[in-house]
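Next come the structures, one after another.
Same chain, two partners: chain A is paired with chain B first, then with chain C.
Up next is the complex of A and B:
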């Protein structure tokens, strides 16, 4: 088994044994959806743009709880040194940590998104395959940026406060594109109308994944 | 013959501060080097560079002809590291930790290796206990097992006695003596002369980033080493 699979398996097993990250994200996501729902007058409907905004604010804010955990887990007893001492490449290490983040955020979304449709109306439930595609592309972007910055902040004493400060400014362009595409999906627009935005999301994910591969060695070294 | 490990003219600078200033030495297979020095002498930096965790500013290191910068993966396969941090996952059991690390080195049967090592460090009965429940001494024993999963030809120990009680320290000394008998090359970094001298075949003193003393153990008695240590440590400020 390659280093990538071993690290992925170890981290998912750790989460399965003590599901702190996923439970934290789901609970926080539920709380946000309920609080935001209270702000909407009873009986009134929200626009697809507002719905998409609520959904992605909930996902991005709650996902930070999971993103900070994957690297900080390696901080205890300097386990990161143990990984760096092994012949596993830094690229495999980054890819594994990023994949863990994608999986954890996806797991949380499996609970958050259905609750969103329950609370805000199933009128938005138009194209499940396209929504899944957008969710996956957005997750890859979040995970790439989140993994890189959680590696940077894991070495600091206030990593959980520092990570959002570095993470959110960089994901704002991705969030705004994701909200735009999601609102178009909620409106039932044709794929051709928003396909160019999907390419931008793919490019965003590729750029930050590439940056992670290039920078992780400098970030976790010394 | 000192052709197993070669360290040539090693320099390390941290933002203007010179942690290592041209360290050069060689070790033969089976050598056991105890490296002494006060805090801030550069001992951990030297070990960090040899263990590939810290990049040198300049200089060259080779193990069995594998260059640190040119063949890092081959270089890493030769290494085992024990430090005062266990590098173990608290939420995993002793067996899971060793199987994980053994798998990273792509061993044929990671579980068999892990079980054998757990027997060596006398932790087999606790193999299914989580490391988080272990005492400091038990962690250090498991840390020794972790460092040996890849059967390293060079073992680096950074202050391994730090925080150990007498029993745990005695057990570690016993294990180090066993490692010596297996013709492994070992470098121990410590500021404790008593612990460092036990199994050493060579002794060295690092002061202010320079290797100021290096001699075969059988040509140095404790009194001479103490005198050399004091002379160089007191001279630190002028170095």
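Up next is the complex of A and C:
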């Protein structure tokens, strides 16, 4: 467990020293919010479905910048070898890296989501606790797959450029569920109407976190 | 001259294909509403079966590779994903061809269509991953992981795709099949033929890839590399 905290601390410390991941994600997310505005006809109101779609396309596309960094950072100066030689289990390594990803994406979202409400209207802002819940559940799913696959892409010749190609096909279901739930929250629907989808999101997070724990050992062993 | 066993299977498969085409076009009755375009269904469903069998094989061989670390399972995995990708493409193409006259649209965001398309993306990325790793054993591990994660994703993809409304016909429900008996026979013949074709392709591809692997190793030895 101490290994988990050490790696988490180390990565967050490095990020606070030079916040390249978070700033990159926020800047790119802001840019995407502006670019996606091109898809909306001038002067027309957007529906909650469109709003939810814009928000999550922005978050998923910008978060790839942070997700790909966590493992490729260890590749430089062969830090990964050092981590594997240290008395830290691979499970703790996975848990720590996944936690780092969840925290970094969450930090970026703390800026992107308010920017979304400013740019696209705060009429969508209905329930903060449910929005936070959906954001956290989605982050766990993204981080689980992102951590496992950024470990894989860090071991390839194309490095970070490969991650989006592997990551997006696998997270499309999670994105579509998240967009659905978010649009229902934007409409102010009752929790009972979408609670079954929240369970699917929880299941998704659990399944891929479990797979990450099982499979990371094989991936970094190479 | 003796005919080898795998050549025998090839001949049987070719003959069976003749039978399957005959049953589809001559034996099976023409559907009342859709007309002859419905006949594409027999090969459409059979291709879907082959694709599923392939991805399942890739999933199992992925697990076996990670346990045993025997490159044999990697080769079977690649062969399966190759075949699965080809047949998923066939499913998508036959579906689009059928959808244009019947649904009056090439494409619709129906759960089954969406699922097949996302599957196609997942397994196409398998080859992109494969082409970007040089070392044989590293590549095998990465590909095994992707085959496992991809297959686990399939039911979730299908579940999430239900968010879009469906207009895909459900022909086979639990306990009943909404088809004329001749159509059922035709479908079974097609399914059998395609399964045999799948086994044959998998065997041949595995053998070719194993030989290619050996040739590569010999070349490396000749270059004086230590394996």
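Just so it is clear, the second predicted complex is superposed on the first by the 217 of 222 C-alpha atoms of A that agree within 3 Å, B and C clash if a C-alpha of one lies under 4 Å from a C-alpha of the other, contacts with A are read in each partner's own complex, and residues count from 1 in each chain.
Here, contacts are C-beta pairs under 8 Å (C-beta built on N, C-alpha and C of every residue); 3 or more make two chains touch, one makes a residue touch a chain.
Predicted, not measured: the structure shown is a model, and the values here were computed from it.
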First, second, both or neither for A:152, with chain B first and chain C second: second
Contacts of A:17 with chain B and chain C, given as first, second, both or neither: first
Touched partner set for A:207, first chain B, second chain C, both or neither: second
Touching partner for A:86 - first (chain B), second (chain C), both, neither: first
Chain B versus chain C, judged by how many residues of chain A each one touches: C
First, second, both or neither for A:6, with chain B first and chain C second: first
Chain B versus chain C as contact partner of A:165, first or second or both or neither: second
First, second, both or neither for A:76, with chain B first and chain C second: first
Footprint overlap on chain A, where chain B in one structure and chain C in the other make contact: 221-222
Footprint of chain A on chain B - complex, ascending: 48, 51-55, 73, 76-77, 79, 81, 83, 85-92, 100-101, 103-106, 146
Interfacial residue positions of chain A with respect to chain C in the complex: 145, 148, 152, 155-158, 162, 165-166, 168-170, 172-174, 176-177, 180, 200, 203-204, 207-208, 211, 215, 218-219, 221-222
Complex contacts: residues of chain A adjacent to chain B: 1, 3, 6, 10, 14, 17-18, 73, 76-79, 81-89, 221-222
In the complex with chain A, residue positions of chain C that touch it: 66, 118, 121-122, 125, 128-129, 132-135, 137-138, 141-142, 144-146, 148-150, 152-153, 156-157, 159-161, 163
